[in-house]
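Following are the structures in question.
Paired with chain B in one complex and with chain C in the other, chain A is shared by the two complexes that follow.
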Partner chain A sequence: MAKKDNIPNDEVKNAAELDDAVVTQDAAVDADLPQESAAEAKPSAGQKIKDWFVSLWDKIKSAFVSERKNEQLALPRELVEKIPPEMLLTDVKLTKKEKVVRFLRSQSGWLFVLPAVLLMCIFTFYPIINAFVSAFKENYNATTHRFDGWGFENFKRVIMSDTGTGGASFVQCLVNTLVFTLVSVPLSTLLALLISVALNSIKPLQKAYQTVLFLPYLTNSLAMGAVFATFFTIIGTSRHVDTYGIVNIMLGWFGVEPIDWVGIGSPTWELGAITIPWAKYVVAIVYEVWSGLPFKILILFSALQSVNKQYYDAAKIDGASRSTVLWKVTAPLISPMISYLLVTGIMGGMKQYSAIVGLFGDQMGFNYDMGTMVGYIYSYIENGKTGYAFAGSVLLFIVIMIITLINTQISKKRVTY
Partner chain B sequence: MKISIEHLTKAFPSRNKKGDPVIAVNDMTIEIPSGKLVGLLGPSGCGKSTTLFMLSGLENPTAGRIMFDDEDVTTLAPERRGIGLVFQNYALYPHMTVEQNIMFPLTNMRVPKEEAKARALDAARLVQIEDLMARKPSELSGGQQQRVAIARALVKMPNVLLLDEPLSNLDARLRLQTREEIKRIQRETGITTVFVTHDQEEAMSICDIMVVMKLGIVQQIGEPQHIYDDPNNLFVANFLGTPPINVFKGKAEGGNVYIGSQAVMKKVKVPVKKLHEAEDGTVTEETTNEIISDQELYVGIRPEGFIYDEKGVLTLNVDHIEVMGRDKSVVCEHESSTKPTVRCILDSDVALPDSDKFSFNLKPNKVFLFNAETEERIL
Partner chain C sequence: MKENKVTPNEMKQEQILQEKARSAEKMHAYAAANSDLNVEKELKRQRVARVIRNIISYAFLTLCAFFAFLPFYWMIISSLKTETEYRASSPTFFPTEFKWANYAAVLQQTSSSGAGFWRMLLNTLVVGIFSTSLGVIVTIVTAYALARMKFSGKNILFAIMLGTMMIPGEMFTITNYITVADLHWNDTYTVLILPFLVSIYYVYLLRNNFMQIPNSLYQAAKVDGLSDFGYLVKVMVPLTAPTLVSITLLKFIGTWNSYIWPRLVNNEEWQMITNWVTNGFSDTSGALYGGQYPLSEPLTTLRMAAVCMVSLPLFILFIFCRKYIMHGVSKSGTKG
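Right, the complex of A and B next:
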């Protein structure tokens, strides 16, 4: 924007100069120029990185400083010559004072968001920053606020599972969380899509079904988890069984031996440093899929209802089969909603805690073998080793960020608005 | 492919349980010869789309029969009828490119990809959109979208092409251009086409056969010019022609037809149908021309049916004159007219005096008489 100030304020003398100003105000355009001169040559990696930062800076800037849209556009020279200068709707000709007034006006929106921003600063930004900073304090004591120094010691120990006995293992918790989330969220979204398509195609009792399907959403997840656990449980001791849970009874009809789904004797696979308690995984995933359904059905069903019926008529004429209609017409038409559900579902899944506690107790299974990332963090808050909790939450933040970035990249390609 | 529609009827249940059903299409019987372009014409809500949807199979008829050639398709599923349908608002899949849109029916028919691509390109060439294949529908103009929709309907080489008001979203010039194009495509492909419109000019200009509908009932079927020259009733006469026909309240008295106090037609003979019973008992219908009986009438006069004459039979109060190059249009008033103005179209070289009252003679074939109650044509 430096160049802009050099332009005489009262009058733009010739259009060429104005054109120049319009072109060069934009730093990004500036940075592109060398590339243009050597159109064939590939931009170097350094250049690419620089461009990336420049455009990022522009984006940030434009988020804070709202400018007229067309100021960013470099009009072709012939066009600029034809239009009288006073009719060019750019800010070039404004006096300093006008600029200041305009700037202040354009920023008046801040006044309205100020209360919210203040509260967020206190309750959101401060804790986040504090957690980030504290993660680097070694041997931090939460009561005395004393620590030995700065460094990566917490992270090192968290990742190496070198946190002393009794706590959860970070790698175990990370694997658990990733598996729960990446299996259950797509699965429940898919199921929700199928159910809402079915729901959309029936006429009688549609509202009633919708209500029933939505009921689980109103129930507390801790309570639901506990109830779920009884479905899978075996009551009694390993030597003397009183009753099998309903799942084992039903499996028994098909000749499947009872499995200890949630208890101490639950079967596992050992994979190097981590154990995969697969039976418990099944329970957790079934639970997550089921409890994720109501909200997803609600969203997808209303998305389906807003799809113009004519697309289905057209597909019928075009001879599309039911599955073609679902995957080639319906799903793409509501893809923004599907993507929203996947993104928020995965973010939520990565923060799963209470349902696992409901299912497997506050030790999250046997010695945290079903622990989640959030469970991991809590476990170290509980036993006073807050440094590990801080480090764990920073790592969780990074993991969620990476997954979300991947998500947005994918949805950019696959989602049509 | 020949289409025969017999007693086709569609009733929609009314919203409140006790009310009468809405009869959208009422006992329609028409025969559409193979390879013709047929226009369904009528005001909004007269059941044109419903008819088309029943032809396509998207709506089930309440009664009646639809035959494609000799095959009864009344209850056949849409995809098995071999039809192409262009929707009123095109219904292009927004997430697919133009090419994918056009190829969609073919992929559903499991046509191999290479062949499907080639056929899509052919269809696109036919409607001249081959340059737009990589775009999404939202990046096209209304006319281009419409052509994509036509290409999608044509690509599977349908036996019947159905178009539901395909031009209603276009601007006047594009509409003119596209309707020529539809005519061209129809001629080139020779596909039996049914075309829905509420624009009579559009229908007149491109249809081989026109079906005029009102409130679900077919009023008249025939070639456009024939319907224009020989309308069955007041509605049809009113609906066709721009500017519309002038209608006067009149009466027949002693064989003469009067508008106001002026006798515009003298010794009028009208065809009268009579049942004639022969001696052997067979009944035949005979039409004889008889002097018109005394009755109330509507007199319809086409705008081009006026001849300026100082001693003319009908005198009108002139409001103003519009000169439009080829011809001029005299806008008049008359107390018996059912419309606020009466329009007379004259050749531009007819010299008109500066006066506020003009008299006209009438061209006999441009004057129609209608029964005042039934609105049926008498002459």
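Right, the complex of A and C next:
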């Protein structure tokens, strides 16, 4: 420790020495200069006369100039135009044309953002406005752009699930999405926290474990959904079953009867207008947890590594148990990251779509019983009832806004910064 | 060694620690004297507990790593099994016979419109290369203007751009779907490239990166007579190269995984590699199993072969660019 402290001291000393050296050198230079110039400029008689005339000319000139008080050094016009306006000290009188040119020059940044702004106007800004407007058009036809007037008919029908046959039910999709999200996101965050704490406590092989645990991040959710479906699928007919699938076989060891996890005969609970296909929920949640873990581990692990070790030493001396340290020290310290993960996880979960298609196929289960909010919107784009799609997207936006509001309120109270 | 070199703060901490240690010793001595607690034994017990905790940590991590890896393993071995072995009532964890013909069959299979694997791969590569390169260029130029240049309305523009990040993308998709139909852009590459060229998130990320470069560098470059564009190309881009590599990789991966939009606007011939995976793959010609399985019945082993082929490039990319990908992903954690 003492050695460490010595280093800056030495440096300071060195620096001081250096400074001294510089000063002496400077002094030497200062001392040298006049002598040199004196030696060099030993003026001849002709030179003296020339100098005298020059100084006289300067005096005469300055006399004239001082009379015209506002005179400035006049730069050529084309040079003035190039100088950025904020660098000009004076109020140069410009012609109208020059003013325009200078304004355009100062706005050259727009030229840089032009491609992005143009694209966003067509594919982002206009669609947002259009979605809010078109949601109120009744019987909107996407190809002919005809509609029967304005009103809340779309919203009414979407919420009442009165959209005709062949489409998903909004309430069902909303319930599905909320259940997937609100179960899988906290679950995977908790699991990620435990894994990162374990990862943080080991030394050898840490990097290897980290890499393997990050692998699921870089996957195609549709493809991996298909793989997860194979874990649960029962292959065969009602008379003859080829295989019950790996999950059912493992559950069989504990005496559980085979369950049709992803097929048409999947068990459900009926709750009024909506059905709860709980077996499919389990499959979807298992997949969501698996695919959500890598990102959360990456974030929490790097957050843990930046926590000051002294907190742990202090806790150790105070005799805190491991679980106390985890919940009273570690969790509050990285709570901003946990809150960030919960917020982004819930946002992402509300937009879940392709994993469900991978698991349960294009129809999102049996007749959209596993539909999500986004799946709902797409199902109505595809069958041409665009009005319902617009209304659905506006409702999705409102739901996301409500969740964001709740999130910010909770994290204000809970997060220790 | 030299106590006077220690800063007051450190001395205070040192004192606290020493006091704590002293009181701990006192406590130990007291406990040893007044009960039948054996300090040596207790220390040993705690050491054993630590070893057990480590074992538990490793066991837990190994279990998690196993489950993280299991789907990939299952995918690979399933793609190499014969369908008969795959359907056996007790699953095998290693194929008894490698059926490479699965891959050949999947590669040859074409849909009714004649679009097969190679066509989809070509589509994906063309769209991937164009949308990634153009997207990165647009992102760089936009982020630069937002970070460094002065023009009126800049802050409002940036605020609006960030505001759109809050809005679910599906809201754009419906109108875009109608727009491209009106423009007769269906079944082209343009429709796959243009609408998602600008990613506000990457603009934001890169802008923050540009902002971290000291302004004095900009002034120095200006003095040296470099134009704004020259400064961007010769100074900013080399300095932010790691972030740019991350953005390029993530953008390409995004194109590779895109599924919804291509399916919505294009027919099969113009769709992407991920759309191809959702096909039902069956023994159409009867060459694989000689008609044992109905020609229309989708075979899981073939599907797994297709899934493997789509996932493999991502793996290769991950192995070679692990640093950049993880950097890019974790950036979103601290900046997002």
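We adopt the following convention: the second predicted complex is superposed on the first by the 295 of 417 C-alpha atoms of A that agree within 3 Å, B and C clash if a C-alpha of one lies under 4 Å from a C-alpha of the other, contacts with A are read in each partner's own complex, and residues count from 1 in each chain.
Convention: a contact is a pair of C-beta atoms (placed from the backbone, for glycine too) under 8 Å apart; a residue touches a chain by one contact, two chains touch by 3 or more.
Owing to the predicted nature of the structure, the values given are computational and were not obtained by experimental measurement.
Engineer: Consider chain A as the common anchor and indicate whether chain B and chain C clash or fit when overlaid.
Structural biologist: clash
Engineer: Who does A:104 touch here: chain B (first), chain C (second), both, or neither?
Structural biologist: Touch status of A:104: no partner.
Engineer: Kindly classify A:317 by the partners it touches after superposition: chain B alone (first), chain C alone (second), both, or neither?
Structural biologist: Once the two structures are laid over each other on A, A:317 reaches both partners.
Engineer: Once the structures are superposed on A, label A:308 by its partner contacts, choosing first (chain B), second (chain C), both or neither.
Structural biologist: first
Engineer: Quick one: name whichever of chain B and chain C touches more residues of chain A.
Structural biologist: Higher number of touched chain A residues: C.
Engineer: Which of the two partners, first being chain B and second being chain C, lies in contact with A:353: first, second, both, or neither?
Structural biologist: second
Engineer: Is A:378 touching the first partner chain B, the second partner chain C, both, or neither of them?
Structural biologist: second
Engineer: Could you say whether A:127 touches chain B, chain C, both of them, or neither, answering first, second, both or neither?
Structural biologist: In the superposition, A:127 touches chain C alone.
Engineer: Mind working out whether A:264 is in touch with chain B, chain C, both or neither, as first, second, both or neither?
Structural biologist: neither
Engineer: Return first, second, both or neither, reflecting whether A:332 touches chain B, chain C, both chains, or no partner chain.
Structural biologist: A:332 sits against chain B, while chain C stays out of touch.
Engineer: Superposition on A: which chain B stretch among 80-88, 116-124 or 224-232 collides with chain C?
Structural biologist: That would be 80-88, the one stretch with clashes.
Engineer: Considering only the contact definition stated at the top, list the common interface residues of chain A for chain B and chain C.
Structural biologist: 317
Engineer: Spell out the part of chain B that touches chain A in their complex, as residue ranges.
Structural biologist: 56-58, 77-79, 83-85, 87, 89, 91, 93-96, 104-105, 108-109, 136, 152-153, 156
Engineer: Which of the residues in chain C come into contact with chain A in the complex?
Structural biologist: Interface residues on chain C, with respect to chain A: 1-3, 5-7, 10, 17, 20, 24, 53-54, 57-58, 60-61, 64-65, 67-69, 71-72, 74-75, 78, 86-91, 138-139, 141-142, 144-146, 149-152, 154, 157, 160-161, 164, 166-179, 181, 194-198, 200, 203, 228, 253, 256-257, 259-260, 264, 274, 277-278, 300, 303-304, 307, 310-311, 314-315, 317-318, 322, 325-326, 329-330, 333, 336.
Engineer: Give every residue of chain A touching chain B within the complex, in rising order.
Structural biologist: Checking each residue of chain A against chain B gives 308, 310-311, 313-321, 324, 328-329, 332-333, 335, 416.
Engineer: Touching chain C in the complex: which residues of chain A?
Structural biologist: 1-3, 5-6, 9, 86, 106-110, 112-113, 115-117, 119-120, 122-128, 130-131, 134, 142-143, 191, 194-195, 198-199, 201-202, 209, 211-224, 226-228, 230-231, 233, 235-236, 241-244, 246, 249, 290, 293-295, 298-299, 302, 317, 322, 337, 340, 344, 350-351, 353-354, 357-358, 362, 374, 377-378, 381-382, 386, 389-390, 393-394, 396-397, 400-401, 404
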